[in-house]
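Everything below concerns the one structure shown next.
Going in written order, the chains are labelled A, B, C, D, E and F, and every chain counts its residues from 1.
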Amino acid sequence: MTATTENPKASMQAVEEEGHRVPYKVFTEREYFVLEQERMFRGKTWSFVALEAEIPESGDYKSTFIGQIPVIVTRAEDGSVHVMENRCAHRGARVCRSLRGNSPNLECVYHQWAYDLKGNLIGVPFQRGIKGQGGMPKSFDKSRHGLSTLRVETLNGMVFASYSEEVAPLEEYLGPITVEHIRRIFNRPIKVLGNERQNIKGNWKLYAENTRDPYHASLLHLFHATFGLYRSSQTGGSMVDGGGQHSILYSQSSSNDDERDKEVFKDMRSFDADFTLEDPSLLDGRKEFPDPITLMIMAVYPNVVVQQIANTLAVRQIVTHAEDEFELVWTLFGYEDDDEKMQKIRLKQSNLIGPAGLISMEDGEAVELVHHAVLQDQEETSYIAMGGGKAESAEHLVTEGAIVGFWDAYRETMGLDEAYNVRS
Amino acid sequence: MQLEKLSVVERQFEVERLLSRYVECIDDDRLEEWPELFTEDATYRVVPRENADRGLPVAVMDCDSRGMLVDRVVSLRNANIYPEHFYRHLVSSVHVKGVEDGQLVVQSNYVVLQTRNDGATKVYNAGKYLDRIVVVAGELRFKEKLVIFDTYSIDTLMARPI
Amino acid sequence: MQLEKLSVVERQFEVERLLSRYVECIDDDRLEEWPELFTEDATYRVVPRENADRGLPVAVMDCDSRGMLVDRVVSLRNANIYPEHFYRHLVSSVHVKGVEDGQLVVQSNYVVLQTRNDGATKVYNAGKYLDRIVVVAGELRFKEKLVIFDTYSIDTLMARPI
Amino acid sequence: MQLEKLSVVERQFEVERLLSRYVECIDDDRLEEWPELFTEDATYRVVPRENADRGLPVAVMDCDSRGMLVDRVVSLRNANIYPEHFYRHLVSSVHVKGVEDGQLVVQSNYVVLQTRNDGATKVYNAGKYLDRIVVVAGELRFKEKLVIFDTYSIDTLMARPI
Amino acid sequence: MTATTENPKASMQAVEEEGHRVPYKVFTEREYFVLEQERMFRGKTWSFVALEAEIPESGDYKSTFIGQIPVIVTRAEDGSVHVMENRCAHRGARVCRSLRGNSPNLECVYHQWAYDLKGNLIGVPFQRGIKGQGGMPKSFDKSRHGLSTLRVETLNGMVFASYSEEVAPLEEYLGPITVEHIRRIFNRPIKVLGNERQNIKGNWKLYAENTRDPYHASLLHLFHATFGLYRSSQTGGSMVDGGGQHSILYSQSSSNDDERDKEVFKDMRSFDADFTLEDPSLLDGRKEFPDPITLMIMAVYPNVVVQQIANTLAVRQIVTHAEDEFELVWTLFGYEDDDEKMQKIRLKQSNLIGPAGLISMEDGEAVELVHHAVLQDQEETSYIAMGGGKAESAEHLVTEGAIVGFWDAYRETMGLDEAYNVRS
Amino acid sequence: MTATTENPKASMQAVEEEGHRVPYKVFTEREYFVLEQERMFRGKTWSFVALEAEIPESGDYKSTFIGQIPVIVTRAEDGSVHVMENRCAHRGARVCRSLRGNSPNLECVYHQWAYDLKGNLIGVPFQRGIKGQGGMPKSFDKSRHGLSTLRVETLNGMVFASYSEEVAPLEEYLGPITVEHIRRIFNRPIKVLGNERQNIKGNWKLYAENTRDPYHASLLHLFHATFGLYRSSQTGGSMVDGGGQHSILYSQSSSNDDERDKEVFKDMRSFDADFTLEDPSLLDGRKEFPDPITLMIMAVYPNVVVQQIANTLAVRQIVTHAEDEFELVWTLFGYEDDDEKMQKIRLKQSNLIGPAGLISMEDGEAVELVHHAVLQDQEETSYIAMGGGKAESAEHLVTEGAIVGFWDAYRETMGLDEAYNVRS
């Protein structure tokens, strides 16, 4: 990596103060991004690719990405779900050119090679030549030129894919708490309400940190604290699972205590007792889960977040475009059995989330604020110590433990040493 | 003003004038005046084209009262964190398609250019306005403003109305 | 409608209305309606500025009948392969320069923004329209539309009319 | 033409016509005609928004006579060295705000797209025009044109008027 | 190059199945692009730079590129054509700032150093100082500070330039078939009708493949097959020359047999018997060559294509901007002796070609479809086997042989081994 | 660095002809840019960051850059000026998000860590947890998590900052002539009149050359020569200081001799005797210095230029965005005691400078003309010989000596050998 000056200060601190430190180069240097495509997204991980509800019918397909690798998710005639690289086996053209669609088979436009919905090559124009001339060689074996397929598993309608034969089965990879909370959200058939996309000019791992960070939520997001949707003082917790790689952050607005919280947030920008809404219907919600949890942010390693904020439900998929740019794809949903009023509630509350969300918009800014401040700081480090700086679950919200969990997993997946350098 | 009494030319003039005032209070950062151009019960929805084309309801901003517009502005001023930026709207091809139950049905194209405090200007958001305009106390007001935007992968975030 | 009978203001209104309809059927992907805004014997030419400035005749689209416009649309729908995309036109500075042998001579500026299915919007093509407009059966129609575009290095390809 | 005699609609038409001619002589590179749209004693100032917002006086072009506009054009033709380029203006939301001591007070939005001889078109400069327009010998003329531009980090250099 | 996973599958196939394989990294990795500028465009090749018809008069010049190196093509007083780098010998400014022009000599604007039309330095302001002060050192020798000039050869009005002293003379480099077909097209004085340019966001070599690929032409381009301008079933051939580096693809529409072809293209998207033109005048052509060839695409290594499609004539010059972007510059022409009707025919048929061409537009899409599908696939390979996968000429159109010819030449020029890695 | 062909010609010339040669790779290769951020901007140099007049009051701050490193310049309660990196010590967010402002302390929006105006960390929300849960570890020591501060020195209101403890004190670093001319311009309180910014698509060192180059001034800028604002024939000089790294170029328009100069500039584009102004008020100036100097361009190594052109006064700060892009930030000023007429003169004459300046606009073009002509010429070199090609002061204007001064300093700062390669 690029030449850098020694940084004795940082290392000195390391020995004396508790806390985890991440060198900023992992966010800014191209080398890490390239390695992530190989070792993270093509490695021993499960990446989220779709909701089954997006491809209900036979022939339905969706084009998406794992990291920045284009893949296709299909529903075959037998109802099975398949994931394959979106790259023709002939000369590499993208086969599916639309974001979504339905088609009995997949045809490449360049020379019309055709594949079935499981990725098998079923047609090659002029394979045997024309008028006895030309064509493919005798030795050509169609069966070896399918689209390259990935391992697929689904959990309650969430579709995950992996390049790895060794990675543990999905549920084991996710861990019991993660599985439990996915089951909690996807407890019955869902209905997709639409997408929102934002293109953020920073490294995707800054968003991975952000979504594992209960500490920022009521300090950056005034709306959260002021209207009690989330406060660090609420009853709640930050759990890690799958060996620390996943994070489940939850809290209960029923535990708000405005008097106490005024104290807790004394002199803080983000708690504004005088701020009231002219149209409070925005926050009229409905209790829809048996448990008291009103906010749940689950960050599943490496590329997806499942959220419940009040009555908004969504998955957020991370697509990495470059070391300094990623796309965040939101899929908002409700349940098939939502009544009209419930759907109205979800849609009105959707003002809180997404790129224009009264709460969520700030996270896009937070990512860019960091990315552009650390461009030249290869060996400088962040300092993650709130809650003790260990990859631990906590029964409270005043911690950054889950962030450390992400970084421990990251070094493992990427084969990095303690200093985040590539192990030789 | 009474719609019936206006010639098509005058009608066009009044509609474009309303759109100019709409654009001006956003671009000049006089956002507090922006809700005043809507009726009390106005709806304002900003919908990604990929949802509109599939008939899906999700909007990035989804307001069904002037109050919600006011709340957006107040949040923008006091609550939200976003990069310093200006908008610059260009609106054209304002097409008054007719009158339906007392409402002017108007379609137009727009592009919003954004400048952050680095002083660089980028195409931020482009799309079309589908407006329903009524006369309130002699003034044109938006009863409904449906914004369908092509740029469905939003650059970072969207703080200001489009 | 008779040109002679129109005031300059009404004439301006009618011309802008024609341009709005032109833009709308392209941007709303109602391309099948687009040829209807031209006369049977209309010419439609899309010329790179570098050719126009040198007096060279090559155009990237060069049609001399409404039929050829229809064929363009049919090919676009059934024959051609190109990335999924939308257009968004902004047209301004519509200048009605006068009437020559029964034809309105009109110049205007335009920019076409393009959005591909990645949801990002880019400046795709900018230039000017040099139009000759006539009245056919009481409606304004393009007798001649000459598009001279500044963006003479075209981004990938050009499938839709400008 | 007498301002008093014009209807608001006619006034709008005349103002937009002046702006169209302004844009046309720049974009068609007939710059020699550009100063003629100003009064003898006109002021023309092109001010970065970061200065305007702080009440600081610096402009990148600061002319207080038609003569200085002519000198700009002559320099452009004979003295200055800059990359070959074209401009393309889009102007919209032309808002005639009223008449003050015989001057039309007009605000509008603009974007200037620039194409260099590589044939690529970029957003070059966006902002607003604050114009004071008077009637001279029956024609509208700019008495004052204040250009406040958002794009305060200028792409390379600025040779042509905005 | 970047770390990559082993790809045993590909290599395994290699031993068993015939066909040529190109690793996608040659399209996407910067390193290849940089090396191409040195070894390809500054190496033992002849690059097309202009048509003499573009610079007919003494003093005419044209600014263009070889690879991405800016060069100037001039016509000197003695009528000779010269090619030199567009970079001032003083402090490196571009000397010619316009695409084209006429000037008695070339003057750099920065300090007004002046060069004659052959690139010799003829003027240095204040060379001897002012008032006896300053100026250039005595040892300064004007004759050694000209613009750096290239070797130039022309063939029937096509101007080629080379950085290499060793490369064979032009005609030998081109080979007999290429020379013959250049002479066929440029058989008499031509007249330039105009330019079209397109900026394609993919690697330029994908276009080199595309223009050597008779296989795609009637499968990607519906217009070709449907209207019989080109069909893989036509009498024609794919010839290679210059040791395989150049490709000449030709065919005869007179050999169409709609009944047979309906069979050949059965169930294919690209053959639509029901598709008719409302204004068929588009296809009204005129026979203008003694031979029956109605379509000829000649790809001359490395950077130009000469085309005859019906009555459209054009050269297409490739300018490489980056590994993921190139510009394609079309120069359309006719003959000086064309009558008015003939020119009308050429102009109307020009609707078929160029960036908006009813036929040609698709090639821009094809290039991008591949480029963006293979970004992350350094060691994955394409599979080129149609016709046998060898760099061979064929008397038919059901082959990819000429593409293999390109790749053999590419490895040679670039000094790459069989696996397309740089030979150490 | 990338493979390149040998260049015997260049080296051969080197031995025989006097003159300095700079390989173009220093302008185009990323590696040099990255190294500059470490060794130049974080090394033994003083970078200009602000004018004290921009932050007059306690709490005033300005966000700017050193190289491309974001820094904050503040005025503390005690009136002292401080410079610190604009990067939060917690997780790296940019702390100051506006270009300028006033605030009693600096608060990061992400988790509201607060710093005083000297960069000391003064507040950490929930440091001791909430309800006895969570919070920072006991070992956390606020005093070690301030913003990282730089060394600061000011001279007559110009604020400079350095990362280096070893670099000489500011005045010594600047040298006597530079100090003298800074004192000359900043001889009494100034008044900021506004900013102009231009974003130039070329390497910043081409601008460093440009501003040390008296040779180009009357050849590139017709306005200079024609109206006698600057002519190479004027009485003036090109002085170097600080061991050659800084350049002070000055001249006296009173020394113009139109008859003589017509001779000197015979046949030169840039001297147009027939060119007159329709409104000559543009050039109506006022003598405001005791000495006869009417033009002074002082280039202070590495990132600022101080200028007097007629009655325009300005500093130009260079911000490096990439190897092929930099921003030039102009701050125009007058004196607090300027009368209204004097300010009018400065504002009207400002038509001469800045991105739209009738004189200055050409320098932006000059930089890009070179940058884009040398992209592919790693080992090719420029040739700097006017005046002898040594880093010497001259009592005339027909020299490029100060440019050589810059390059000698550059090699020293960057640790490059004679061939501009990184010393191992």
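Everything that follows uses one rule, which is that a contact is a pair of C-beta atoms (placed from the backbone, for glycine too) under 8 Å apart; a residue touches a chain by one contact, two chains touch by 3 or more.
Nothing here was measured: the structure is a model prediction, and the numbers come from that model.
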Report summary line: Contacts shared by subunit C with subunit E include exactly A, D
Query raised in the report: By label order, what chains touch subunit B and subunit F together?
Result: A, D
Query - Pair sharing more residue contacts (C-beta pairs) when A-C is set against A-B - result: A-B
Requested in this report: Name the chain whose C-alpha centroid is farthest from the C-alpha centroid of subunit F.
Outcome: C
Report summary line: Most remote chain w.r.t. Subunit D, using mean C-alpha positions, is A
Query raised in the report: Comparing residue numbers, which of A-C, B-F or A-B shares more than half of the contact pairs of C-E?
Result: A-B
**Report entry** Chain centre separation (subunit C, subunit F; CA means) in Å
**Finding:** 48
Query raised in the report: Which integer distance in Å separates the CA centroid of subunit C from that of subunit D?
Result: 27
Query raised in the report: Approximately how many whole Å separate the CA-defined centres of subunit A and subunit E?
Result: 44
Query raised in the report: Which positions in subunit A touch two or more other chains at once?
Result: 97, 99, 109, 197, 199, 220, 362, 365-366
Report summary line: Multi-partner residues in subunit D (2 or more other chains touched) are 9, 48, 50, 81, 83, 90, 92, 111, 119-120, 123, 152-153
Query raised in the report: Between which chains is there touch?
Result: A-B, A-C, A-E, A-F, B-C, B-D, B-F, C-D, C-E, D-E, D-F, E-F
Query raised in the report: For subunit F, which residues count as touching subunit A in their complex?
Result: 34-35, 37-38, 42, 67-70, 86-95, 97, 107, 109-112, 125-126, 129-131, 133-137, 139-141, 144-145
Query raised in the report: How about subunit D: which of its residues touch subunit C in the complex?
Result: 9-10, 13, 17, 19-21, 23-24, 27-28, 86, 88-92, 111, 113, 115, 118-123
Query raised in the report: Which subunit D residues qualify as touching subunit F in the complex?
Result: 46, 48, 50-51, 54, 56-65, 67-68, 70-72, 74-75, 78-83, 152-159
Report summary line: Within their complex, subunit E touches subunit A through residues 2-5, 13, 16-19, 24, 209, 215-216, 219-220, 232-233, 264, 268-270, 362, 365-366, 369-370, 372-377, 380, 382-389, 394-399
Query raised in the report: Taking the complex as given, what residues does subunit D use to touch subunit E?
Result: 81, 83-84, 117, 119-120
